[in-house]
């Protein structure tokens, strides 16, 4: 139990003391998660919209596949991305292995089904009358998409926040694709895994608290988007 | 790349060949995830309902905290649960360390915020008129909860499926609390981590595919709940 | 009359949305087994009042007694006895059958559901065979409205509150809904409060009409309301009456200035109708207009007559013999007269 | 008349929900700049027809020409010209101001928004100061309906389709909406098609009325409909007419049996009104009833008279001199007569 | 009572990943009737689990840390049971030219040429040994230097990173053999430095001090310790082959 208390103290030290390895990990985490969130929202929102708005044959099966993609293990994604960007892989030329970009690609794959699935089920819930109203007010495709998403903005926010939590806390991809290289691709979560493996539980707790603080700040700054 | 192909073949072998260690891991995974899903849905649905249905002071802050909890790293949860159930911890007597029950507790903590947050934002979206209609039809508290949840059942399903994906794929808690003990607490994900650590990427991919197959079967059997 | 004879007694009720007062009722009693009609323009507070009567909303101030007991919103004692058909009825995402039986299921009443649903649907003019198994969204607007009505009727409530029950419902169904409402009162002693913009329909069903305007209730029934702007007349600047000028040149003269509001009320009983102006009788308002509609008030046999004066509408209730004597019919030109002293300000 | 003079030309339109046919229109033309009233009971297909006219739904069969061109649903050429006020207007989760300007924003039209919104709100009787910044849910039912109307008016559309625009709207606002609709036609040449259950209002605004019943259109306007059950009379078994027995003992005799349907139509022009039965004139239906309402048709000056015969309602349009001669007023007992041969079956 | 006859062990990943335990433990269970379960983690975490009394016995390879551990009163009865050795591996063309050098020279050369070197950097037994080697070579332990890459991962992952980056690294022989086998015998990284006495990797069994952990099954742990040192077990260890190669050399006294 004491290591939890010790962890709290240590977390404050790390943040205030400006421990350089912690801060580089914080920045790596922020960079990589921002990048993957932008990508997954950019792709997931339109896909979720299509899936939720239209009725078409095979939609149910597509949803089942998407739901299954929610259960892609991070190590699995990591291995697959690794296979593509390792030197012998088809994209080896790009030199993405052991880079933050590589991690971001993997995390995008992780977040995409979450954003898409929750967006789709939120859009599915919208009023039939909204659709009719938009069409009869003369809204074109782009306006329909934008307005529908805006109407259910709290649902979309939930999708984004859930995906963000997932991305922020994943270890498998960062470890496999990023390599947990100190001062380069070490993120907070891979650092936690490392400290824990070393038996330095207090350090693990401390880094966990750092991560939670990041999440808290991000969510706090998003909370102006919430219903008043 | 070739290890991905090899992994596919191996996955089929594992499942058909009835590899005993794979199957015990499959059962461990199913047991533990079912247990934690039941617990987190049982607690998360009512909490999500309360948070989405009622307007009260401090609701926005509660939501921010909940959203932050979506970013609890699994290793952090693992460490915290460990602190409590380790033999020297306050709950050491119960002997929960290195058991599936221990893992299930941790995973419940992991899944709870997901179920709660998505349920809350789905409930938040319900029509004002629904609330009024239920009250004026004479629905008591329990009926209001049940009917509202049923009205937004697709959203709830999305919450459950997302949480299930999270629980099914997490490694940190299973590793820390379960200890990855072969034939006892080894789940598919810790097995994947182990194989990958050994450099047996094909085996990792194979086990990943086994996990995805499980998820697929579960989602397929849930798809009757989907909109027709 | 004992306390029990009043289904409702509202005391000092005020209701605010934010800082805007939308309801202000000093004292209102509603008799058990009566049918009360609520009349008033959009935004006058009808729906708000009905929600308070349904105990589905807490008034900002004041107390509501139900059958002599002070009751609080959502209290379980009243919940199963009072039901409200909301203005925008919400159908649950289920079949019509399940929508109609929902309230019964809550009450754990599961006897003979099929027959009762059949009857409830018949009451609103829908046929069981064709509608019971439809999904909630497979209905036309009026059909949905009627299904919601059936879901209330089947409960045999002590109090049935109806908010615009016949908006978007066809004439035949409006008749059926009236019949069903009357039957509810006669058979089960149900107390009804009904808000509607269809005055003829409302008059044909209700025992008493309450006019509601800007949250204030006038229990004498449908009154004629004149809204501003008013101006001061040019001629006599000292005793300060106000006038309203109509675009066709006619002028309405009103007594003393308004305290702060600018809405005037003229009660029906103070308005007379004639075929020609009578300059001698001292009536300072004699306005010419024409009849636009005449409706039968079933109960009294009187005729509700709407007279248009330029773009104002006045409503009078006339006995048949007067109508016959003056040979009144829609389109006929008439003169309305009233004394400016009879005008009240709210 | 050239093709262009018809805003719409519908050819062989059929629409199904699942296996149920709800619309069946062989040929229907709507003139540019005309105001068409749609009359029909609940579920007759009014909303469905309006959605087809708005090109917001694809008919199961048939083609719709707009200004001479075949158009497909959602085509961008018509989308910005035609707008529909839906039966349950949906307000976006924004302020009233943003709701009203939404259509303009789509059209990238951002000139002088504030003034135009002011005008649009005034058109439906709402005041800018008080309403523009309200949230969508801070409105009463009728206010919401009127905001939705304002959001359509501001678009100055070529075609304005209104589905029950005055359900749950007060009398004064109904008048304003009529004015605004007429102004739209006069100033911008807008073509209007309006569905409503308020016949008086609809007659006061429309140039032509279409009766719609079970998806079939009768372009001669409001007709009287008698629904089954019918029985065979006991007396003459061979030439097989049908009769409908009313609960008060009266009998309506109808010509030859129905092919398959059991709905009869009697056109207004074939019904006569009298004060006493006239046994000698060979009219085989002479039914006694009483007048329930009389409404002025503004355009013609005629009087729309509703007569109740037990629980059936018949509507006639009478000239004022006939009304005056017979001394008709609501409550008066009258005899309606028509020949069974004039009955049509649908 | 089956309950009391079961033993929980924490060990390092290398004993598990090489398959040694799966080969050895069934013999132990058969001979003693004791059911042994193990969790394989980093050495640091294994020691921590012992310190928290969550296991009953330890099998680890970090002699200096073990001695400190005992001194602190957490562990007891350190019994050396076997060893294998560490090797330095690197690209076949050996860009820094360390092949055949002794270990200190090799490290000096790597430092001077700034050749890419992968360190596990995870405080594992292997990592502790590596740090000791830098110290012995008289070199300040690198940290932020560009050529010194700390992976913070397991041995095999680190080797893979070295391969991707054309770098050097230090590994235990067992993991190297596994790595070789996954590359089909034609691994890009080859053994360049081996055989120094300092490169020996000693494995020991530790029991937990009953004073610290009264609930730990001290007697059963002692039985395991005894068994590992028994002639029978030592022979089994000697005969253990990974992909046809000998891996551990028994040295119980």
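Just so it is clear, A, B, C, D and E label the chains in written order, and each chain counts residues from 1 on its own.
The rule is simple: a residue touches a chain if its C-beta (ideal position, glycine included) is under 8 Å from a C-beta of that chain, and two chains touch if they have at least 3 such contacts.
Because the structure is predicted, anything quoted here is derived from the model rather than measured.
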item: Chains contacting each of chain A and chain E, listed by label; value: B
item: Steps needed, at fewest, to go from chain B to chain D via touching chains; value: 2
item: Interface with the most contact pairs, given as the two chains involved; value: A-B
item: Chain located farthest away, centre of chain D as origin (C-alpha); value: E
item: Chain C on chain D, rotation in degrees - Cα superposition, rounded to nearest 5; value: 180
item: Centroid distance [mean C-alpha coordinates] between chain C and chain B, Å; value: 54
item: Distance between chain centroids, defined by C-alpha means - chain D, chain E (Å); value: 88
item: Between chain C and chain D, centroid-to-centroid distance (C-alpha), Å; value: 25
item: Touching two or more other chains - residues of chain D; value: 88
item: Two or more partner chains touched - positions in chain A; value: 193, 196, 201
item: Shared-contact residues (touching 2 or more other chains) in chain E; value: 157
item: Those chain pairs that satisfy the touch definition; value: A-B, A-D, A-E, B-C, B-E, C-D
item: In the complex with chain E, residue positions of chain A that touch it; value: 86-87, 97-98, 175, 179-184, 186, 190-191, 193-194, 196-201
item: Contact set on chain B toward chain C in their complex; value: 127, 129-130, 132-133, 135-140, 143, 147, 150-151
item: Chain D-touching residues of chain C, taken from the complex the two chains share; value: 17, 40-43, 46-47, 87-88, 138-143, 146, 163-164, 167-173, 175, 197-198, 200, 290-296, 301, 303, 311, 313, 320, 323-324, 327-332
item: Chain C to chain B touching residues, read off their complex; value: 51, 54, 56, 74, 76, 79-80, 82-86, 88-90, 92-93, 102-103, 106-107, 151-152, 155, 161
item: Parts of chain B lying in touch with chain A, wherever the complex brings them together; value: 1, 3-4, 60, 63-65, 67-76, 78-80, 82-84, 88-90, 113-114, 117-118, 120-122, 124-125, 152, 154-155, 157-158, 161-162, 164-166, 168-169, 171-172, 176, 188-189, 192-193, 196, 201, 204-205, 208-209, 211-212, 214-216, 219-220, 222-223, 226-227
